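Labels run A, B, C and D following the written order; every chain starts at residue 1.
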Amino acid sequence: MLLSERLVKKPWAVEPIAFGKRPIIINIDNQKFFTSRQSPFNPAGMPGFDSLTRAVQAQKVLFEHARARNIQIAHTVVAFRKDGKDRGLWKPLDMIRLCTEGSVWAQIDAEIAPHEEDLFFVRKKPSAFFGTPFLELMIAGRYDTLVITGSNTSGCIRATTNESFMHGFHTILPVECIGDLTGEEAHWANLSDVNGRYADVVTLEDVLKYFSSLPKQESL
Amino acid sequence: MLLSERLVKKPWAVEPIAFGKRPIIINIDNQKFFTSRQSPFNPAGMPGFDSLTRAVQAQKVLFEHARARNIQIAHTVVAFRKDGKDRGLWKPLDMIRLCTEGSVWAQIDAEIAPHEEDLFFVRKKPSAFFGTPFLELMIAGRYDTLVITGSNTSGCIRATTNESFMHGFHTILPVECIGDLTGEEAHWANLSDVNGRYADVVTLEDVLKYFSSLPKQESL
Amino acid sequence: MLLSERLVKKPWAVEPIAFGKRPIIINIDNQKFFTSRQSPFNPAGMPGFDSLTRAVQAQKVLFEHARARNIQIAHTVVAFRKDGKDRGLWKPLDMIRLCTEGSVWAQIDAEIAPHEEDLFFVRKKPSAFFGTPFLELMIAGRYDTLVITGSNTSGCIRATTNESFMHGFHTILPVECIGDLTGEEAHWANLSDVNGRYADVVTLEDVLKYFSSLPKQESL
Amino acid sequence: MLLSERLVKKPWAVEPIAFGKRPIIINIDNQKFFTSRQSPFNPAGMPGFDSLTRAVQAQKVLFEHARARNIQIAHTVVAFRKDGKDRGLWKPLDMIRLCTEGSVWAQIDAEIAPHEEDLFFVRKKPSAFFGTPFLELMIAGRYDTLVITGSNTSGCIRATTNESFMHGFHTILPVECIGDLTGEEAHWANLSDVNGRYADVVTLEDVLKYFSSLPKQESL
C-alpha cells in the first residue's frame, strides 16, 4: 500500500515543504522504557510494540547513510528524578514514576546506541525542543531541516513535529523510522494531521536519496 | 453516548490532572475564516463545519459563566501579511494566502465578539503561545489552569494543548466548546491522544461547576 | 577616541564573532516615547537625549545601504493596553502607564518611518524576541546575523543582544546607531559587557563595508 | 555605605516590585571555574575574585534559612562538550574550551554543595532559563518569586534577571550573595540597570526577614 494511500487527505490542497539545504536528525525515545519487551510499560503487550522494533531497524539504515555524509545525529530520552520534582503534570504517572534518571529504562536501545560525535539530551516533556538546548544548537549549526525518527507518533513525535514547524524548520518524517506503541490508528491519524499542515511524511528511500544529493557536511 | 465512551483509551492508566486554583480561557480561531459558511476555506462544504457552529454556542454559555466570576478570557486568531513574509512553512498555502491581516477572514465571529476587558492576540502559528505574549501574561497573572476552546481540534487546539501541558499548566478541554472542520475522526483521535497524556477532556457542565466553586476572581 | 578605547576590556581574551552570511536589522524603540523632546519620559531633560537623535541619523545611513542590498529591516516598539493588563512587573510604572497602544508615544519617529516591506512588532518586554514572532521569522528566513540598532543600550538593546547570542545568532552592534537616555556611563558599561562575551560592538562603517560585500539579498 | 547609595539612580521614579508569595532560589555558577583560586580563569588574579568568596559565605546563610522553611533551591553551572559542538558563539573561547562536562571546573564549590533535594541543571548559555527545564519547573511549582544568587553580575546574573522579569516573576537580588570577577564597576552598573527597571536589589537581611514571614513551604 502506497504511503499516499495510508495518509488521510485533509479537505484542502497542500504543497510539499520539501527538503532544505542542511539537515540534522533527532532520534526520539529509543530508550528501553519503550523498546524493550521487558519494560514495565509493556506488561501485557502493547498493540504497536512491533512498530518500534521495525523503526529501530529502519533507523540503522538511515543513520549509516547519514554518518557517511557527516550529517549530525541527535538523540533524546525522557527520564525523571526519583523524587518526582520534575514530573510536571503528566497523566500516566504509574509509568512516569518508573522511568528514572540512571535507570535501565532511560538507556538507549543497544541496537542504535549513540556514537561519540552524536548529540544527546535528557528531557521531561514530549517535544525535543522543550527544556533542552536543541533549538540553540540547530540555529548555531545553521540547520534548516529536521528529520524526525523514533517514537511515539501520537506523543513525542507529534509534539516535536509541531514545534519544529513552528520554529521555522523544514520538518521531515520518514515513515518507516517512526513507531507508536498504541497501534496503527493513532499512528496514521497523527501522520495525516501533520502531513496536511506542517511536515512532509515521506519514505525512508526519499530521505536516503536526499542525503545522497548532499555534499559531505561540515560539523557543528 | 458518554464522553468516556468517545475517547479511545490508551493502554496505560491515567490519573486526572484536575482543575487548579486560578483559570483563564483561551478561545482559538473563532474567526470568519473558519466559522463563516462563505469563507474560501469552506468552498465545497467542510465535513465538520457544523461542529464549529455548535462550539460557538457552547462557548457563549461558558463565557457568560466566566464573566460572572470575573474569569479572564483571551482570544486569538491567525492572520498574515499580504506580502507573505510571516507565513513560515505552512503547507495549505492557497488558504493561508487569503487569511490576511485586516481582512474579514481575520475577524472574530460576531456571535462571540471579544469584550473590552478580554485579551486578544494575532498569531502566525498553531499554538497560542507561539510568537505572542500569552505565556508571560499567564505567569504574571498567576494563572495555573488553561481552559481551551475553539477550533480546530487536530490543528491549533492540539498544538496549544501540548504547549500548555509542557509549560506546566493544568489543561482543560470542554468538549462541547471545541470543533474540527475536518470531521469527527480527527477530532476524537486528537482528544484521545491528549486525554491519555497531558490534559483533561471534560464536559461543559464540569467546567461550569468548577467556575461556580470559585470565588469572584481578581483581575489580571 | 577609538571605539576600542571606549570599551572597557574584560580580563580575558576574546575572539570576534564576525559577521555571518545573511543579516537582518532589528531597530528597537525609535518611538516618540523616547525620541521626542516633548515626551513625558523627557520632562526635565534626560542626560542622554541627544544620543538618540544622533542614533536616528546614523540609522538613516545604515538603512539606506541595507535597502540598496535588499537586506530585511524590522522595527519594534513597546506599547501597552490602557487597562494595564499586559504591563507585567515593570518598575517605572508612571512612565509605562503613558505609553499606550495607539497613542502618539507608540509611533515610530517620522525620520525613520518603516517602509511597507519592513517587519514590525509591538511588544511588552525589553527583548525583541519576547512575545513576538521575531525568532520564528529569523529562523524561517535563514538569517544568521542580527544587526541591532535603537535604544536604550542599558535596557532593550542589552536584553535583545543577550537573547540574540543565546539563540545562536551572530550579534552585531554598530555603535553610532545606538543610544541611551540615561547617559554615557550606562551606555559604555553595557557595550563593554556584551562585547566581552556575546556580541561584536563595531562602527557603522564596518557594517556598511560588510553590506557592500554581500550580493543583493533574497526576500524573506 | 547604604545599598541605596551604591545603586546609580535612573532618571525616572520606580516602584518596588516587592516579594511574591512563593519563592525559589537559583544559585548560578558557583563552580570551581569561577570560585577556585587555581582556576585557569583566574591566572593572574581577577579584580573581583574576593567578591565571589564573600558571596559564597552569604549564600550559606541564605540557604540555611531557606532550608529551614523548605524553600526550594536550584543550582546551575555552565559546562561544554569536549568537542565544542555546544559552544555556540561565546567570545571568550580560550576559557570556554576548558570548562568541560565532567571536569573539576564544572563542579560546584564544596562550601556550597547541593543537597539531594535541590534542583540542578547544566547549561550552555548565560540565562538559567535557556536550554534548561527551569521555567517549566517554576510554573509547575507555582513559584512567583525568583531569588538570584551567584556570579557574575555582569554576565549570567544579568541575563537570568532579565529573563525572570520578562517571564513575569518577582525578581529579587540579595546583593551580598552576588559577585563579579571583573570588579566593582561592572557589578554596580548592572545592579543599577536592573534595579531601575526589572528587579529589586535588596540586602540579605531583607530576604531573611521575608523568608521568616512565610509558612513552611510545600515541596515542588
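Here is the rule we use: a residue touches a chain if its C-beta (ideal position, glycine included) is under 8 Å from a C-beta of that chain, and two chains touch if they have at least 3 such contacts.
Here the structure is a predicted model, which is why all the values come from computation and not from measurement.
Visitor: With one step meaning two chains touch, work out the least steps from subunit A to subunit D.
Guide: 1
Visitor: Looking only at C-beta pairs in contact, point me to the busier pair out of B-C and A-B.
Guide: Output for the comparison: A-B.
Visitor: To the nearest 5 degrees, please report the angle of the rotation taking subunit C's Cα atoms onto subunit D.
Guide: Superposing subunit C on subunit D takes a rotation of 180 degrees, nearest 5.
Visitor: How many angstrom lie between the centres of subunit A and subunit B, each centre taken as the mean Cα position?
Guide: Distance between chain centres: 27 Å.
Visitor: Measuring centre to centre with CA averages, how many angstrom lie between subunit B and subunit C?
Guide: So the centroids are 35 Å from each other.
Visitor: Using the touch definition from the top, which residues of subunit A touch two or more other chains?
Guide: 88-89, 125, 130, 135-137, 140, 166, 168-169
Visitor: Based on which chains are in contact, what kind of graph results: line, ring, star, complete or other?
Guide: Looks like everything touches everything, fully connected.
Visitor: Quick check: in the complex, which residue numbers of subunit D touch subunit C?
Guide: These residues of subunit D touch subunit C: 8, 10-17, 41, 44, 46-47, 88-95, 125-127, 130, 154-155, 158-159, 162, 165-166, 168-171, 181-182, 185-186, 189-190, 192-193, 195-198.
Visitor: Would you pull the subunit A residues touching subunit C in the complex into a rising list?
Guide: Against subunit C, the touching part of subunit A is residues 135-142, 144, 166-169.
Visitor: Going by the contact rule set out above, which residues of subunit C touch subunit B in the complex?
Guide: Listed in rising order, the residues are 83, 85-86, 88-89, 116-117, 119, 123-125, 130-137, 140, 219-220.
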